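Going by the order they are written in, the chains are A, B, C, D, E, F, G and H; count residues from 1 in each one.
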């Protein structure tokens, strides 16, 4: 069961990632990336990382990708016609080669298992356990994160709003 | 992990329902295509510009605030769950965090980025 | 940039009726219509679910409000939901006078409606131009688009509108798949 | 039972696909998406190690990576917008910073 | 394992039946009928099957049949793939989101522990938000892909609005999480056995804000600026016809139910009757034997829960038909400048109160 | 009595340009020379004892067979003194134009366009003189007496 | 390249709002230039309901014009009837009998009530308050019952005649109007509670579409829109016609001239009009309702069948039309939207030589771009609703 | 503009302010803080609609005495309004007892009809009496103004109370010939009574 799920999710993730890289239209690429995020969230669930799985969807698929989508729509780039066909072939070949070779490696390597799962306690990956670490051991990074976010807001506002102020 | 299996089943069922609906409506309905029908509707007039144009950067700004505050909320969830255990320490800790972000909010507010105009 | 005239190429608007027949179009239906079960179910659904596109231009709009209003309540017939997007509408309610300036817009809206679609001429101006027999007014919308039900009156009483709607429902019930031919049948320009 | 290696390899594949994208694509936005994909691949690795070592620290790391990714996306995309304003292109070929 | 599977399939089918089979068609009828009664009208009442009209209950069926046989339509210049995908994205998360909402307590039934929730996730609330955030893609993509100016404006409005209210909604429920100390909705529900522990008493401000934000997130009036008929023709789904267009509506109706469920679970004692705990129910139904008592208690739970949900559906409909629409910038101002600070203050005060206690 | 104020003041100021005055059923009417219409209107609007601040109506009449053929009719109203006045000016078919008064009253804009549309009288100095009630392709001016009422124009297609 | 860069955040969207758009009632087209949601520029295109009113009038007899006037402002047809009849009477130089004048006052005020109901209801509808819309439609339905009782049609009344009325006040009108007004006041109170103090509604309409008084005058505003600016210009007070000088009513005025004031003025005018109707019904004198001049009116059926002169007059007036003396007049009444003026030119024949209507909402519509430029696309809706542009009147 | 000040100084301008009582409508509409909080006014609004809702619901479940329900909706095809006698339905020709029409084909209605909807072909009988050989009324054009009835010297055409059954699927079917227009005199008796009183008699 778990194996099946793993294969579905990982194959889905790899496939949509490939599609993302090869796609010409940025919007479709973004949609594919969202799919990748989704499958990754599935993998996180398999790894008992419940909170991270939910956050993966909320933060990556729901927030960051929305930002991407907005920028794509905002800039509304008209695709260059010349670039597309030739480049697409190269990218497709490149990624297929990588994926193929790595899959062979996977088939070989997965037989060897250097690390077996230790007994996982039931609280693993729950909100509480993550939180407990975050708000005690990682207190400083946590507080610094707020500065990071503040910097991001200020920086982005300055960058994005500058021209408006100039023109007004 | 087991508790996610029903979610998966539900997701599959829901997708099947949606896809089934889309397929059904594509197959069943009558089809009549001609140039004028395929034009986008614009109150009975011919469209003047294509909507594929750049829209205001304001929308981007809102999406950006959304991302930042979403992350903030994400930090708050584990904290809120743990709040009763963390006690005063956690409260102070989070208030520092929130204050710093509130500064950001105040900054964008004062900067007028939250104004629609 | 030339001027063009409209015509109605495909769908027959004016069925061949024996003009001497005293009781006009109820006879049209005849008794020989055989519907399949599926058609019957489908027609039943269509009958009670008209999403209308109110193409409201003039005085009749006032009565149109009344028909939708509490006293007459078109919603009882399942036809109260106005959709202002022609893609989602089934019933084009042409309410009021259509001037020459408005005519291309009406045709365009009609053309942009998704199949199956019906047209309801509301009030004498839409039916025949009414007493505006002059340079500015289209003499009946059936010179532009095919019309399914004509409701005269200036403006028609809400009861008349409901009458017309019931008549349209009857017509829908007796529709067949073959009445909606596949392929394009736009109202196009013919020289 | 799925082994750690399998997860790591999936992570590696995703990372390489991202890398291929970064090197081959010319659209800054898609390059950016590829970078996000690479970050995700790293996250996957973190989480799988965390699980197999039964150590929650990996989760906290992912948490932080997400924060950084969000902040980075916000600023990075703002830079792209800014760039687009000045250069009217988002194709890296056309962007020559030295020309100004 | 098998019993678990059977149990969850039964529950899924039940929720599917209730949501897709009952609520989503019936809400169309409720909306029409309720608005009719509010407006001194009668409302749809004439669709008949073999002469029975049943106060218009057949109208949704007629609508469904009509819509199914309506021409499907993709305009020229539209992105065909995304145009088709958008209704899918709007509808699917709306169906799934109900999975984590408990509609009853936990009971011992034939030696098997039955938990009346489809998926009792540790991150239940976050799950709902995750899927809600996905739904916002549906609107923006529908608007963008239609190649129509009105759709485009509607899609933009929808996206920015949904994003804003998602943030505020996320911050609003922090207070609830602080009070109950868990993200697991079944636990939140279970903690509201005591009448005065209901969320509405502990988090009154949170309730008002959450309910408002949820309506806004769902783009219902008075926040329906994205599909505002008088402004944007039909907003982001202007170019959708037939079933695809109805799928947006279904998504909306299902979200109404989900909102009702969430509000009930978080603020109105979930499946509990006031002053009645599950144990009291079991004791009350002792006469039916242990299994019978459990079944009866489950029924009472479900009925209680859905009655509350229906009340909130009614409330949402009343709001929708009473209030005029906001202007777009006012919607945004309300979210960012009013609700966001209030939500932050609410967190602060809740924290203080809990600490003092 | 009251009406005399307007007439008197105007005759004093623009003695040459007033062709005719009469008062039928209490409606004070002045027929003025076409060249001076803008000055007269400005005077009527700005003089503190007149203050005709409302441009109530502007229309034209086609006296087919007379020369000059058209009359452009202005109805002004003074809110402060509660007075009305009608100014008329005659326009011949050969020189079918009048000075525009849009600069004095913005409301005149559409009225003048309407007169242009329906009578074909052009207004010099009008910012945007195009058809208003009828469509661009319309031939002729329907309110002229020589336009037959039932003369139909071809319908305009949506795609042209 | 630098041009594109400059235009990044200001790529304008040019969009047709209308003619077939829910807010434009099918009769007007706004060509909007938008930056995001903000209106940079707006062009108004009217004429979609141009039905050749004047041409039709010039080709009909003086009486035949009356049905056409019904369809000018089709929300308040009776006022148009009254206005036209008064104009022709002024042209002829006659005055209708007292009772007729009272009934005309009642008729005009009922029409005004119905117009304001429709207007407030439609703006409610378009602002999303569907219930308020239907409450006022219900109230209007009651008023229309009265109108139907009075003149035999719901919308197109065709009631007033030159020199009089078609028929006298029907029996039981007074009692019925009392019942109707009672229910109407209830519904008025409901709508008032739903809208007037609702902050959502206020935010939508307040400080939107502001027209300062001086601009309003320059743009030729009249009626409720002018009064909303604080100028109490009302033809009923300034040039009292009929028996308005004997009625006790107030002229509601606003302060800032925004849409909220227009709404409030209209709401208050509904009340004032009801007051007028009640007073008129109380003071109603007895007497004839038609002038006693056979050459200017149609004959009663009794006269036609019993008196040969009547018969002759009848055939003459019907076939040739009544013949007012040559001349020209301008006569104004307070229409529901403002000053409704009729400029008539007679050449002494049975047909009007010229029948010009001064449409009150024509200048109002012309000022739309000024009122909404720089505001949001959503602001078009209350502004356009509150100027109450009626296609039939504006385009004629 | 210079004159604005004057406008605001109305009373000085000699305008009859005694009668003119401008009523400021806005002064009591300023919102208190309480009302600015949205929610309470929203609740008030919902209170109104809720009352309507429950009253109507109750009216359906327990109809008031003598009535079927509380709300004013007319269930049209089953239930019909009684219209006032003044109501102008579609025009009909009055038929005498013997089955002939009253009309003498004088042509006044044809002349006055603004829509030119009436076409009469007049003929004479042997006894010199005129009658309409064909009387066509184009219902697709009729605007129900009632002029035909008012001018008819013989009370031969009246506006009946009929308004139903006029919807057609074919515009040609809306041209009503004489046989469709004729109605027995009895059925329009009230209307004939009514039109006798519509114009007062002249006293000359």
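Assume a contact is a pair of C-beta atoms (placed from the backbone, for glycine too) under 8 Å apart; a residue touches a chain by one contact, two chains touch by 3 or more.
Computed from a predicted structure; not experimentally measured.
**Student:** Looking at G-H and C-F, which one has the bigger number of contacting C-beta pairs?
**Tutor:** Looking at G-H and C-F side by side, G-H shows more C-beta contacts.
**Student:** Relative to subunit E, which chain's C-alpha centre is the most remote?
**Tutor:** F
**Student:** Which integer distance in Å separates the CA centroid of subunit C from that of subunit H?
**Tutor:** Taking the average C-alpha coordinate of subunit C and of subunit H, the gap between them is 24 Å.
**Student:** Just give me the whole-number Å value for how far the CA centre of subunit C lies from that of subunit G.
**Tutor:** So the centroids are 30 Å from each other.
**Student:** Cα centroid separation between subunit B and subunit H, in whole Å?
**Tutor:** 53
**Student:** Counting in whole Å, what is the centre-to-centre distance of subunit A and subunit F, each centre being its mean C-alpha position?
**Tutor:** Comparing mean C-alpha positions, subunit F is 71 Å from subunit A.
**Student:** List, in ascending order, every residue of subunit G touching at least 2 other chains.
**Tutor:** Correct list: 8-10, 13, 15, 19-22, 37, 47, 50, 52, 55-56, 67-68, 131, 134, 138, 141, 156, 194, 198, 200, 217-218, 231, 238, 376, 395.
**Student:** What residues in subunit D touch two or more of the other chains?
**Tutor:** In subunit D, 66-67, 70-71, 73-74, 77-78, 81, 84-85 touch at least two other chains.
**Student:** Quick one: which residues in subunit E touch 2 or more of the other chains?
**Tutor:** Only 38-42, 67-73, 121, 126-127, 149-150, 152, 159, 163, 166, 183, 229, 233, 238-239, 242, 321-323, 328-329 qualify.
**Student:** Can you check the complex and tell me which residues of subunit A touch subunit E?
**Tutor:** Listed in rising order, the residues are 25, 27-28, 31, 34, 50-51, 53-55, 57-58, 61-63, 66, 69-70, 73, 126-127.
**Student:** In the complex of these two chains, what residues of subunit B are touching subunit G?
**Tutor:** Per the stated touch rule, the residues are 42-45, 47-49, 51, 53-59, 116-117.
**Student:** In the complex, go through subunit C and note every residue touching subunit F.
**Tutor:** Answer in residue numbers: 1-6, 100-101, 103-105, 107-108, 111, 133-136, 138, 144, 189.
**Student:** For the complex, give me every residue of subunit C touching subunit H.
**Tutor:** That would be residues 14-15, 17, 19, 22, 24-25, 28, 70-73, 76, 124, 127-131, 133, 140, 142, 147-154, 156-160, 162-164, 166-167, 171 of subunit C.
**Student:** Quick check on the complex: what are the subunit E residues that touch subunit B?
**Tutor:** 4-5, 8-9, 11-12, 15-16, 20, 67-73, 75-77, 84, 87-88, 91-92, 95-96, 99-100, 118-121, 125-127, 146-152, 156, 159-160, 163-164, 166-167, 170-171, 174-175, 177-178, 181-183, 233, 238-239, 242-244, 247, 328-329, 332-333, 336-337, 340-341, 344, 347-348, 351-352, 354-355
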